Amino acid sequence: MGSTYGQLYRFTVFGESHSPGIGVTIEGLPAGFRPDREALRAFLKRRAPGRNEYSSARREADEPLFEEGLDADGRTTGAPLTVLIRNTDIRPADYEAFRTVPRPGHADYPAYVKTGRIPSGGGKWSGRMTAPICIAGGLARQLLAAEGIRIEARIESIAGLHDPDPFTESTEDKVFPVSSPDPLTAKRFQDKILAAKAAGDSVGGTVECRITGLPAGLGDHPFDGLENRIAAAVFGIPAVKGIEFGDGFALSALRGSQANDAYRPENGRIVTESNHCGGILGGMSDGMPLLFRAA
Amino acid sequence: MGSTYGQLYRFTVFGESHSPGIGVTIEGLPAGFRPDREALRAFLKRRAPGRNEYSSARREADEPLFEEGLDADGRTTGAPLTVLIRNTDIRPADYEAFRTVPRPGHADYPAYVKTGRIPSGGGKWSGRMTAPICIAGGLARQLLAAEGIRIEARIESIAGLHDPDPFTESTEDKVFPVSSPDPLTAKRFQDKILAAKAAGDSVGGTVECRITGLPAGLGDHPFDGLENRIAAAVFGIPAVKGIEFGDGFALSALRGSQANDAYRPENGRIVTESNHCGGILGGMSDGMPLLFRAA
Amino acid sequence: MGSTYGQLYRFTVFGESHSPGIGVTIEGLPAGFRPDREALRAFLKRRAPGRNEYSSARREADEPLFEEGLDADGRTTGAPLTVLIRNTDIRPADYEAFRTVPRPGHADYPAYVKTGRIPSGGGKWSGRMTAPICIAGGLARQLLAAEGIRIEARIESIAGLHDPDPFTESTEDKVFPVSSPDPLTAKRFQDKILAAKAAGDSVGGTVECRITGLPAGLGDHPFDGLENRIAAAVFGIPAVKGIEFGDGFALSALRGSQANDAYRPENGRIVTESNHCGGILGGMSDGMPLLFRAA
Amino acid sequence: MGSTYGQLYRFTVFGESHSPGIGVTIEGLPAGFRPDREALRAFLKRRAPGRNEYSSARREADEPLFEEGLDADGRTTGAPLTVLIRNTDIRPADYEAFRTVPRPGHADYPAYVKTGRIPSGGGKWSGRMTAPICIAGGLARQLLAAEGIRIEARIESIAGLHDPDPFTESTEDKVFPVSSPDPLTAKRFQDKILAAKAAGDSVGGTVECRITGLPAGLGDHPFDGLENRIAAAVFGIPAVKGIEFGDGFALSALRGSQANDAYRPENGRIVTESNHCGGILGGMSDGMPLLFRAA
């Protein structure tokens, strides 16, 4: 049942790497919401492969088609919303060599054990399936923005090279070739990628995400806290092998007195001097920016 | 709804730091299973505070009482199982000073925003609530052991000091004062703790868990994979701020060719030369040991 | 996983006919709610066996013990609430004869197939397990009453003899010996029961439930509508074999023009002239009293 | 979240009366299953309107398009399956008159309260949405048939006229004009419908369903029993106002001794002399045919 995520806002992704299309059905959207299609397209471009020399070769337009759930005015009706993307660049021949030999580091082998075949092009385990997830996420992000909640992400490291700048400048609506607001850092990231590519290889990296504007008190410990829920979503992205909130693993080397964030009042509300905990205490938002990194 | 975890084996923890008792109700146990109470007690001792000078001061017997769900022969009936632990060491006065001032690094402040009060002794956010979780986990572990699946955990680092040995020796049924099979490492861990304690402080650490005997193909990508599920459970432990599978964050500094685990046949089955992925590919077990670390 | 019901207000019942006690763990109660114990006791008395000559012989005090989840002031803390009832009248010998022969019309035979044994005294299938369900329901009823939503039930027929009066008078807080506000009807109901009892037999009946004060628009068609949810709960009561909303089965003999309820404005809101649909249209409340009967 | 049903086999319906199409996404299908499209088409024809003079006027081809989830051989891959039906007969003008006035007996009014508009053509509350439910059900039925479980349904009454014959003859794969194997009964049913139609009206009825081949012991009392689950699904069909299992409401007029089904051995297994309980005891299948009627 792994293709579904969420409770009050719940979506199911469907389709595969080499099926006619991929898509998502979303339940829980309020009636009367008019998706901003232009903003959604810009959001999808940030993940789209094939757009430049730094990402993988596959080229897809990734045009989201709102099939069901909008009325004649382009507004949600209260019924589920189904959005499709046509797979226009299917070249099964590209993957033919892999049909009988499982690729190391891919899902091919356990997928074979589970389903009796090696999925064509990665099947539902393909990185391409992040596109419908981004549609569900991009629309949720539009709804949250209307509540003053802003979600931003950046590349924090590539091949062990970390962005030296803190995550302070808003990156919203910016599409970087290889995502850094600083041209020098962007150049270094690109060099890492091109060097690996020249060697017929790929590189790892970390992504950092920041959510601001959350009220305090969201999340239900122990198993429905923000960390539980966010981690359960983020591991849905293929190849993610770790997640940490706030200072994360670095906190494990510290003493409690160094890790705790002291409170102080500021403009009539409670803030913390530092944010080692990444805006989450006891599984709940504490009103500070929520910060996490995924490897 | 955060007090419940699981699907086919599902449990709800209840009680609080300063309530008469704490406990857990478990659904999904097969009928006719006879819990090994002695093994469960030994398992609970590994987490129990108050047993030695290295852990926090609270002393509790943590005797699990099987209240409902067993027949006269001590076997499950197919109905839910409820196990209680009496809170025998409640000294609310100890915590009195915290009733009106939220403790930094604790859930007090967001809990106050959420519920209108600062919970006594940490309420349901108390580390003590890991005891009923350990009961549910300890019984699941007994059921899995009967299927040849072994779950082990060790302290992998304390205050930045890492256990230099790989996690090869079985630690099952061993209760270490401060958990290392190597006396020298154990001594160093203890020194770290005592030094912090002498300074009126505490220390962080990482725990490593290894699961062997899993068949390949378990887990349903993208949102019901093993990483999603395990992370959603592990973040239920208070103060956990990060989790990584296999080489985790270290993989983000590598190239793909270094990170992928090559297959080879061994004794009629498929194994991998290395295990960078921690036994999970595409959210599914691949038949190698499942490895993760929590900060 | 059948022992759990509900989404935003969710409870798990545990215990069995012959276990030390029975109880319920409830999640989703708002913090700061003070259960009215006296009202809950009165509510439980309406279902309690052993109180008079018309119900079955078993005698239990059914005193609800609030074990966990209330603070020193008797208010919910936001953590789950666990309420127990001790089984004080366990006489396994009474049931001994049934241990090897399944009783007709009881769950014994399929329970044997499922669990490998015939459950003592009906096990978790015993009618006694409605007591913890009534605790969860009685507390929910108190919370809803504070929102102006009133839930009432009455015996509508016994052994085919129907209460000739419409369900207009409030029965709230009344405990009838055999539940009818009209002494003549009550007497006839009692005669039916005593006649069956004298013959060493029992009788069937129907219960009618009315919910007033619901706002229009609650429920999510097709599978999370009010009828779906209420039916899924009501079939949790042992021996219920049918449920109908509004005029129910009688509607199947009518034409559409006879079954539809015409709208008219009344005091600034929309009401219907009749209520054949039992206050539910398209799975949603329509603002009229919700009515259903269970056999 | 009402558009989703099921646990191990779970589906979400989407689309509306007047959207470009309607469809269903199904999770939980085993990999390697090849849907029998011809059998599915025949199954869908049994519910399709517009095929004869006895059903409503709307005409749709209802051709199920398998969009995603099948491989080149027409077999499931283990990923979710999405099946679409194009809405080819949308004539919003037909419904124009209803846009501002809620139709009695329809979901229009509570839908307006809930979503702020009267849904065009009934929106997601339209009877047309039973088509994707039938796709999910028709495929489940094919899977169950392979396990020896047969699901059949018939019209049991129309406008109060009951089919005098018991439900003994298999109706599988038969498509009746107005569904009765007996020509005389079929004629009487048709007369009832035509008489109402001539008066510009419609009629109610009851449908009976029989499931054979179920092993004993399926279902988990109290809230995940067969009655709970089936009722929760059946009330997803618009206009259903009641459901009863076995003898249902008729049982409420009987004594226990008349209602209980006596056991006897037959050909090495346990059967019951009668089947008043409709094949369900304690929420579990008892091995006899499961029988229910919906109004």
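Here the chain labels run A, B, C and D in written order, and each chain numbers its own residues starting at 1.
By our rule, a contact is a pair of C-beta atoms (placed from the backbone, for glycine too) under 8 Å apart; a residue touches a chain by one contact, two chains touch by 3 or more.
Note that the coordinates shown come from a computational prediction; the quantities given were computed from them, not determined experimentally.
**Q** Measuring centre to centre, with centres taken as mean CA positions, what chain is farthest from subunit B?
**A** That would be chain D.
**Q** When the centre of a chain is set as the mean of its C-alpha atoms, what distance in Å lies between subunit A and subunit C?
**A** Their C-alpha centroids are separated by 45 Å.
**Q** Counting in whole Å, what is the centre-to-centre distance of subunit B and subunit C, each centre being its mean C-alpha position?
**A** The answer is 39 Å.
**Q** Roughly how many whole angstrom separate the Cα centroids of subunit C and subunit D?
**A** 27
**Q** Can you list the subunit C residues in contact with two or more other chains?
**A** Only 1, 3-4, 13, 111, 114, 124 qualify.
**Q** Testing understanding: with touching defined as stated, what is the shape of the graph linking the protein chains, line, ring, star, complete or other?
**A** If you draw each chain as a dot and join those that touch, you get a single closed ring.
**Q** Using the touch definition up top, name the residues of subunit B that touch subunit A in the complex.
**A** 1-5, 13, 102, 104-107, 109-111, 113-114, 124-125, 129, 133, 157, 159-160, 196, 199, 201-206, 215-217, 219-225, 227-229, 231-233, 235-238, 240-249, 251-257, 259-263, 270, 272, 277-278, 281-287, 295
**Q** Can you tell me which positions in subunit A touch subunit D when the two form their complex?
**A** Its residues touching subunit D are 1, 3-4, 7-8, 10, 12-16, 19-23, 25, 27-28, 31-32, 67-69, 71, 77-82, 111, 114-117, 119-120, 123-124.
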